[in-house]
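Next, two complexes with chain A in common: one pairs it with chain B, the other with chain C.
And now, the complex of A and B:
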């Protein structure tokens, strides 16, 4: 495998089954995807298009029904691959009994960082996400935006080579959204590979080098944002159609 | 083993247990129970009976409370995190799934050990830690299994043996005969002498105060009137005593030493029936020799370690169930399993007939017997009963409990959890 290839999906399908193992939904259907080192790749698509399922397969949380998934040329479930990975889920899912500092220290420990190194890195990250003043407060009382910043710091604590962001600006105010976008761009400038999903096409347009549009589990378009020649929103609607609007029109009629 | 990850998960689980106030509630409930127990239990009218009840049920109550609450926490340790989606954030880190399960098992077991340790300290503070305890020895006899195999041929040829038994498979009949051999009564008629051989712990000498423990009940559980003489002869030394009993089912008979300076390794206990009626005894159950061991303090420590090992086993099982099932189903399964483990031995003892013809009853009996065999590591340990009656919780049993319940079982259940965690995580 090419050393510059960070993520590789070949003919990947995922079928969810019911209790009796009968197929229920084909969430992803024969997907091919490659992400190179240092790229910021956007996975776009309407609800139910298979973005989260694809991300879970890349993270090793789901096994594909068919096809192969590798990150850094390794199985995503291998400890070696996971050591090079950072993940920010759509919701922050923080441990309610920990403080912000303890949360980041916990994930630093899971990344096998020595205590002194972990403490130093935690300090840096708390400063970066501007939570130094509330570092020793329980995250249970944090606003959604603050929790999001703790989760982002936790994702970055192991200095990952690949950062997977699921709706990174979800729930953030405009100022925080801008800060996150700036941060992701800075990380990419420093050579970090970023895979992100977003419903906000403007975000993807601002951050991503390359995008793939999914619809009903299949890739309907893929290309560099700079090569589109039109706005991402127009491109998206042309490829996927504004299905939600049709449904809304039916309802209103 | 990834020690850094293990400690992080251990500390996280323990921190959650402390900050959710679960630990404080358990400590408070256990302390109240330990101090309230002496006022709640009335013994058989003797101070010794009252002491035994308090020792048994005060620590037993705390152990039961911990068993249920830790099982509930253990089933939620992974299942709750999975349901609340936090588990996936751990699983995408470079941590082995087995380490996740082991960290949680260790944390909850440590919390249990802490609460139980406080209860044990209260027990030690109010009891006499120097109070002597004894090794409980059983007669050296052929194993019931060997006795059953010897009986098998003759039993099958006996015309009185029912046809249904003759058609049954040999292992079934041997098991029934072994049970019969274990419970076999020996009748000691008036002026007859019954003798049983005992191996003694190394270093037993005639300065030791030896006691014989005898259970004088017949097959209907009725107490028997007994008058008799007991002699224990070992390598030239002789201990003697007499028994006159018409009130108690279990009697400890002190045997006075001959005063000869002899160290013995084995000896013969003989009982001469001087009463008017025959005495029935099941030697494997009803005759024991008590040889001095160390004190209550050490016995309490060994009982504590055994109880912690049992809690660790339960926690390991709970964590595994939580890995494989949703939390409510896991908790229900764990509680049912605990109840089955607790009740199965008495069910099998009361309904031992494997020749049951009703298929539903037969299946039920097979399942119950399987439960008895599976849960033997827990049910065979009786630390509290032994602690209460001042018989020694043997070190070798404690070591075996530690190895099986605190080492093998957690590793096994963590391994099984590691197999199911990735399959369940993304549901």
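And now, the complex of A and C:
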């Protein structure tokens, strides 16, 4: 295993099954993917293309039906591998009964940080995501943007080497979106490896070095953003198509 | 260890922040306090009535808190996705399940300690009231100060929690639950009787044991099944099928002088251990075998 290889997927497939174990849907089909150290890699695709399933297999939350997944050369099930990554889920999954400070402290605890270190790091992160004023308020009353910032701070609390972002700007206003993009760029500049999914092509174009486009669980294109030669949106539509728009146009006509 | 502490702390806070737990606590304390205080018939054994009211409250309320607390916290973690975020960190699924189950036990222990301490105060009040009645030749009633302390254990914390919520944004339910425990401990110290405590606390501990079996079952099956109702039903069936519950015929144990004989207590405890261990192992198997979607 190359030391510079952070994520490696070889021939990975995932089939969801029903209660009787009959195959229901092939969410990912024979996917090969590698992400090198320091890269900002974008996993793009329309809804239902298998982006989140791929991410969950990388995180060890889902077991692949076929193929192999490794992060830092280890199984994603291994605690050592997961100690080196931070994860921002698609929806800001937060415990509603905890305050913003307690939430970040909770994740600091999961990262095995000493209490004094965790408290200091929590203070820094609350300042970074501009939530110092509401640090002791329950997150249940937070807006979507505020909850997203708490989730982002929680993902960064263990100073991860690999940051996995599932739709990082989902539900954010333009100002917050810009802030998140700037932050991800800054983290990448400091050498952090970032894997992100998005269906917002502008985000991927701004942030990513390398992208892979998924459609119905398969990779339909992969390459460096700078090598695409056309706008990412045009490239994406050429690869994935916009069949839904045509159906809608027919219906409206 | 730090990971475990974080999970236990967050789980206990979550369960103690559940409005359902506070409602059950207030209802249990009201039964334990008011049932012996407001009886209409004299059977000549007010302290025994107070003790039985406490045991009933602990058995029924405890079963609800243990089952609902464990089942709801596990289901919510999996359904809301907070389990994804936790399991994506450096914590194994087995450790996550076991630490979280311990967090449920901590919350349950806070509940059962509150009810037990209030019951202890009420039983002591009934004993003092009975002695005074015998001296004066009047009808036995709960001793006034004990009754006031027992009622205060669930009324004052509610008012204090409301004030703390209003002026300092403290979380009402969690604060009320914790203040109830403090008030119950303070109240029981006021009229503390060591002999009575030695006699009664094992009885209350024995009453809490079936709830621990239900708690472990609810936690395990909440990981496996998608519905709280299904996991609750399965854990009740599993718990009923376990030989451990055969030991909870408290009336047999208490009939001899109102205390639980030590061999009986040990036998009950030893039958609890394999039952809880078996259910926790089932939970570990379920959480390791499933996709976290």
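Here, the second predicted complex is superposed on the first by the 249 of 253 C-alpha atoms of A that agree within 3 Å, B and C clash if a C-alpha of one lies under 4 Å from a C-alpha of the other, contacts with A are read in each partner's own complex, and residues count from 1 in each chain.
In this text, contacts are C-beta pairs under 8 Å (C-beta built on N, C-alpha and C of every residue); 3 or more make two chains touch, one makes a residue touch a chain.
Note that this is a predicted model, so its numbers are computed, not measured.
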Quick check on the chain A-based superposition: chain B and chain C, clash or fit? clash
What is the contact status of A:20 with respect to chain B (first) and chain C (second): first, second, both, or neither? neither
On the A-aligned overlay, A:95 touches which partner chain: chain B = first, chain C = second, or both, or neither? both
Given the touch rule stated above, what does A:137 touch, chain B (first), chain C (second), both, or neither? second
Just to be sure I read the superposition right, which of the two partners does A:85 touch: chain B = first, chain C = second, or both, or neither? both
Tell me which region of chain B runs into chain C after superposition, given the options 149-157, 275-283, 329-337 or 347-355. 329-337
Those residues of chain A which chain B touches in one complex and chain C touches in the other: 56, 59-63, 79-80, 82-83, 85, 87, 89, 91, 93-95, 97-98, 102, 106-107, 109-114, 154, 158
The answer for chain A against chain C in the complex is residues 56, 59-63, 79-80, 82-83, 85, 87, 89, 91, 93-95, 97-98, 102, 105-115, 136-138, 151, 154, 158, 164
Along chain A, where are the residues that touch chain B in the complex? 56, 59-63, 77, 79-80, 82-83, 85, 87, 89, 91, 93-95, 97-98, 102, 106-107, 109-114, 154, 158
Show me the residue ranges of chain C that touch chain A in the complex, using the header's touch definition. 2-3, 5-7, 9-10, 13-14, 17, 80-82, 84-92, 169, 171, 174, 291-293
Touching residues of chain B toward chain A in the complex: what are they? 2, 4-5, 7-9, 11-12, 15-16, 19-20, 84-86, 88-96, 422, 425-426
